[in-house]
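For reference, chains read A, B, C and D in written order, and residue numbers begin at 1 within each chain.
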């Protein structure tokens, strides 16, 4: 009985993230448009796009290999699993111990690995540009992410997100300078990883500025749909990650009552709204930077994260 | 003195020398040479079975037994090599039969002299033997009559004579030191008697004596800075003689030095010869190692490597202690075998390629695989790579001295690795890359070379107990 | 032995050192040869005296060899060679005579110091003799290394060897002395013949003038 | 048990001379490699059973060879058993691969005799139980591999590579020799005796430094790595695989055996040294790898990176062991050992793949490859697996070991010493960087050489490699996956090793629900490769089937879109060096002193625009070049002594005499 319940809640989690991801993107777009005094696309536009793409034929470049066709599914699956492992409405779900923070980072890493390969498969100049820039960004963003994970884990004494969330929720934490740094670092990483302004512009198709779009240039139809979906999942993942680590209040525990779970879900929606809004504001407020400014931006994140780990001893020894 | 094995190994060379001096026809002479050497070798082998009693003039003990056998053995193998070597020299007309008659006679004379030096129980006799050996080799080094050869011989001659003189002075001093203790007359020079009474000798005199002996015999050993004759003599003389020089004569001189070291080891007040030997050894190692890099003549290069190894050996004996001494003795034996094997290979290579210039030889492993890999194996052995014998001795030297004298040992190790770098730098050119020079197949006698290398390989893996016990006893005596 | 015998031996040995010094400041080849003849003569005398003192008749042979071979034959032969090969008559020193003399004195002092440390256990004559012999040897070497001229270098070597014989005879009852002196005479003969055969005019370094600046098998 | 091992080693040694004969026969190589295959698999099975069923037995044997009064001692304890498994797993794979690959070897006479001897040497190193046999085998290993490095000797580069290699190898051996000299000074050469002895702290400190020099130079720790990227690619590919995948592990074994086993309790500053070497090695190694365009050289440099990771793990183990936290030490040590195993797997795999490419195209230069995934699909597949595994991405094995090392790093706050408290997270940061770079590096390797369009005719006309090679590579790939999804088994198998070395073991893993691995406690951290793998597989297939059924599964082929102006010329594609250009821009100027010289002709002129990039190995410029210059200078100066006149030589003698007399007189 209990096992069934666990499986149910786990399944709920997976379908929840899958369902919410396009909505979040749509929401951010909408808010951005509003801030720019445009009406903007309807909230549900992303879903429509997805469905339309799904229906279309796939137009495959002549010398695209089998890998090119497999990669979208791999990316989607990896991202989806990663996203569903981050606590959203409830903690300590059945499989939440399958992978900890580091493993989640690595899962996203493998998704990116294949995406970069996909960019090079057809053998076009743009794919190459995209991939090489992507790995350059990743080679800084991923360590920053990991080190942030270190600092959080050293404070919370665990890399298990549920445990971290509980610890953060408890009042053992107090306000710590290293936590603040970790938060900033994580935000920067999130921006970079999701190809948001100022690192990359999801809306652009200006050849020389695009990174993420250049990689998926050759994709079409259902493949493109999956890739879009997985990037939306990624965005959701990061948002809910920040939510669960830095705003851990209100999440339910696994064995809580259904009502409690429902409440947790509502709280979660609330967090998403707030963070999504902030993201939109930030994106409209700031300008896209040149590709070779990005390393400095991310380097700052790296330094902050490292500082956070080191300062942890100072504050820890207080 | 009744004729026992000791007498025989002196007599056989003398007689055959006389025969060879009158015998025309070089083919026959070469065969006789081989036969005589073989006979000497077999007689020396008998020393392991029946030990003749040591008299006033000749003696046999653990120290020289092994070296007698080694010397006669290498004398034999070298004579085999020399047979095929001179055959080619005659064909190319570098030597005439007349010279060859002289050459063979001298070869046996040299054997006689070295055996005498090894078995002599009388330091005077030993000195005479070493002088005779020097003179004969001088004559053989100059045998090609080229400017370089004559010059090398002359250099060798002059430096050698000075060395001889110093050694003699040392010998006289030893006698003077011994006289109060053992009385006048012959006893004062009989080594066994000396070493028995060495404790009461006048230390100051002994010290001075050792200085002269070290320099005198050290000149023959080729320690830097007394080495000057050695490279040219090796490079310009006929290759069999280079083999004998490096393989045997250096050992004989070193052996003489060891005899006196034992004497000092007994006398407590005398200065320890260690520091002197260690210093000269290290100087030789570093010096020779650095000299290897700029060599252009392959024989001269290996001559310098001989200097380096003599340095290692002297260092080992200088440090003393059972392990180091054992290692020194082992290294002497291994170096003789290896270096002579190398010279066998080099001799044939120089004949095939018609030059000794490293720059003109290339890709040997392609053109003459057997010779090439033979020399390669020899070089691998000589730089002290396993599983060959020299690795064992170097292992023992370094590991047994490092804890006692860290910095000295570090210097030694540096020397070893610099030498390795130098040798492989040059040998790589000779062995690999596109073939250079003539690519005629070699009509060579590989047996001696590979016999030596086989022995060295065996020693690296398994040392026969008889050798071990003998060396260990000597190592104790050497203090 | 009586003090007189001792003094005479001492005197002879000392004069040998003196002769070495004389050789050290010669700058003409012929003069050098003559001094060397004198040197050998003194050696013969002292050896003979030792033979008489030690009642060792075989030493007389050594003395005889010294007299006949070294004091007469060799110098004459060298005179001939010099004439035959037309070798320069004057000797080029590497360093000035004055400096050479200073060095020589230093060497003598050194040998004295070295030898007098020896415990008087060995009898006085031996010690003195050895001290002188050592200084003669060192001076001989000094001559060899300070003269550029082949013949004078040979002469230096021969004087060095005289020192050895002096030491050998001074060592009372030393066996093989005669044999050794004979062997050495042979050696010297070799050298002299070598000079003649190889036409060595100027230096040891090269076996004839044309070969002076040949590369030694190594120059590129 | 040890008898079986020694007999198999003897068989290998016996194969060496046979190789000389076989090299002249047409199918000789097959026979020889087959023999090696049998011998190594016997060894592998023996060692495995020893490790799994009787680890505490540690049978030993003494042969009457080697040092006369000592004899050759051999011992098969858990550590040796584990490394035997690693060595011979590599050996089996390489031999199998070589049965196919070795047939198009142009000069078999230069490889066949040395190959079995090389395998034997590595086995003996691991088995040896006294200093002499250990060092003999150690140096013999270098020697035989050197012979194979120079096997293609007509290329001067290879000869030079061999020269540098042999020089560095002997340097390492001599360093170890000195270390053993110290250890033997009060115990003799037998390892058991050394274990029993109690040397002073200063002595052991020196020993550790010397061992770090000796084993480190063989393993390729920065700055002693210079030889590695030269030598490993020069050898035939299966040998390169062994050198990179296995021999470096033998070096690690040497370090572990001496530092963890022979010398008593560690001191914390040792670990400091090891960490400060290991971390930078990891990052620098992979940065260098990223800049290369020769496949095998990329792989060689990435070996340096992985060695850095392993040594970091060992450094952590030392630190925790020194501070008495042996349960964490067990974690770190096990992680390091797992990485040893994993790296042996995927590095061999990758080198074999490179060998297959080399055999098919004759090219090692990525700029001349491309599109191979169409012509060598199977090879491409296993290479992909290898690339993912070595980039430390789940669910493959590379990730597990790095994850464990990270877990150990996260426990550093428990250490009392402040130095370590602060250094270890920094090193963790370096490892994180290294992991990210590794991903970039292998995206480049696979993407440039296997994806895209062929950049040369040879690449266009390549063909799939032979059966044996494929079998070997697929087996290794399978191992990579298994080790990735069932790490618990391997952790438990390693328990006896860590018990012997650090005195404690990780918690028992097999039997936890869903085969999760839990290094310390469930609440702290856990990872389940199996579930991750299943989830990804399920979601992927589910999505695929759902979309194909519900939406559409139609597909059209068309020319590439490429923003509207596609270019038929393959040269338009990103090349290896252009791919790494952004990262070079970011790090290059600091690490390599990279300079980009571009010449842009004026718009009218027909000249092509050029861009050339200069990279410098700073360590080479700053460490090795000066030494070489110094030697050159010294030899130049001292060489005068060859040309003096006899009088001058006599002066030398004279001076020596006077000096010695003065010494005696005063």
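Everything that follows uses one rule, which is that a contact is a pair of C-beta atoms (placed from the backbone, for glycine too) under 8 Å apart; a residue touches a chain by one contact, two chains touch by 3 or more.
To keep track of the chains, here are their UniProt names: A = Formate hydrogenlyase; B = Hydrogenase 4 subunit F; C = Hydrogenase-4 component E; D = Oxidoreductase.
Values in this document were obtained by computation on a predicted structure and should not be read as measured data.
The chain with its C-alpha centre at the largest distance from the centre of chain D (Oxidoreductase) is C. When the interfaces A-D and C-D are ranked by how many C-beta pairs touch across them, A-D comes first. Centroids of chain A (Formate hydrogenlyase) and chain D (Oxidoreductase) (each the mean of its C-alpha atoms) stand 35 Å apart. If you average the CA atoms of chain C (Hydrogenase-4 component E) and of chain D (Oxidoreductase), the two centres end up 69 Å from each other.
In whole angstrom, the spacing between the mean C-alpha positions of chain B (Hydrogenase 4 subunit F) and chain D (Oxidoreductase) is 44. For this pair, chain A (Formate hydrogenlyase) with chain C (Hydrogenase-4 component E), the centres built from the Cα atoms lie 99 Å apart. Residue positions 642, 646, 650, 653, 657, 661, 664 of chain D (Oxidoreductase) are each in touch with at least two other chains. Chain contacts: chain A (Formate hydrogenlyase) has no residue touching two or more partner chains.
Taken residue by residue, chain B (Hydrogenase 4 subunit F) touches two or more other chains at 154-155, 158, 162, 208, whereas all remaining positions touch fewer. The chain pairs satisfying the stated touch condition come to A-D, B-C, B-D, C-D.
Considering their complex, residues 154-155, 158-159, 162-163, 166, 207-208, 211-212, 214-215, 219, 225-226, 228-229, 231, 271, 276, 287, 290-291, 293-294, 363, 365, 369, 380, 383, 385-387, 391-392, 395, 398-404, 409-410, 413, 416-418, 420-421, 424-425, 428, 431-434, 460-463, 465, 468 of chain B (Hydrogenase 4 subunit F) touch chain D (Oxidoreductase).
In the complex of the two chains, the chain D (Oxidoreductase) residues touching chain B (Hydrogenase 4 subunit F) come out as 64-69, 109-110, 131-132, 135-137, 139-140, 143, 150, 153-154, 156, 159, 162-163, 166-167, 170-171, 174, 177-178, 180-182, 184-186, 189, 631-632, 634-636, 638-639, 641-642, 644, 646, 649-650, 652-653, 655-657, 660-661, 663-664. Of all the residues in chain D (Oxidoreductase), the ones that touch chain C (Hydrogenase-4 component E) in their complex are 642-643, 645-647, 650-651, 653-654, 657-658, 661-662, 664-665. The touching residues of chain C (Hydrogenase-4 component E), counted against chain D (Oxidoreductase) in their complex, run 94, 107, 110-111, 113-114, 117, 138, 141-142, 144-145, 147-148, 153, 203-205, 216, 218-219. Within the complex formed with chain B (Hydrogenase 4 subunit F), the chain C (Hydrogenase-4 component E) residues making contact are 114-115, 117-119, 121-122, 126, 130, 133-134, 137, 141, 144, 157, 160-161, 163-164, 167-168, 171-176, 179-180, 183, 187, 190-191, 194, 198, 200, 204-208, 211, 214, 216-218, 220.
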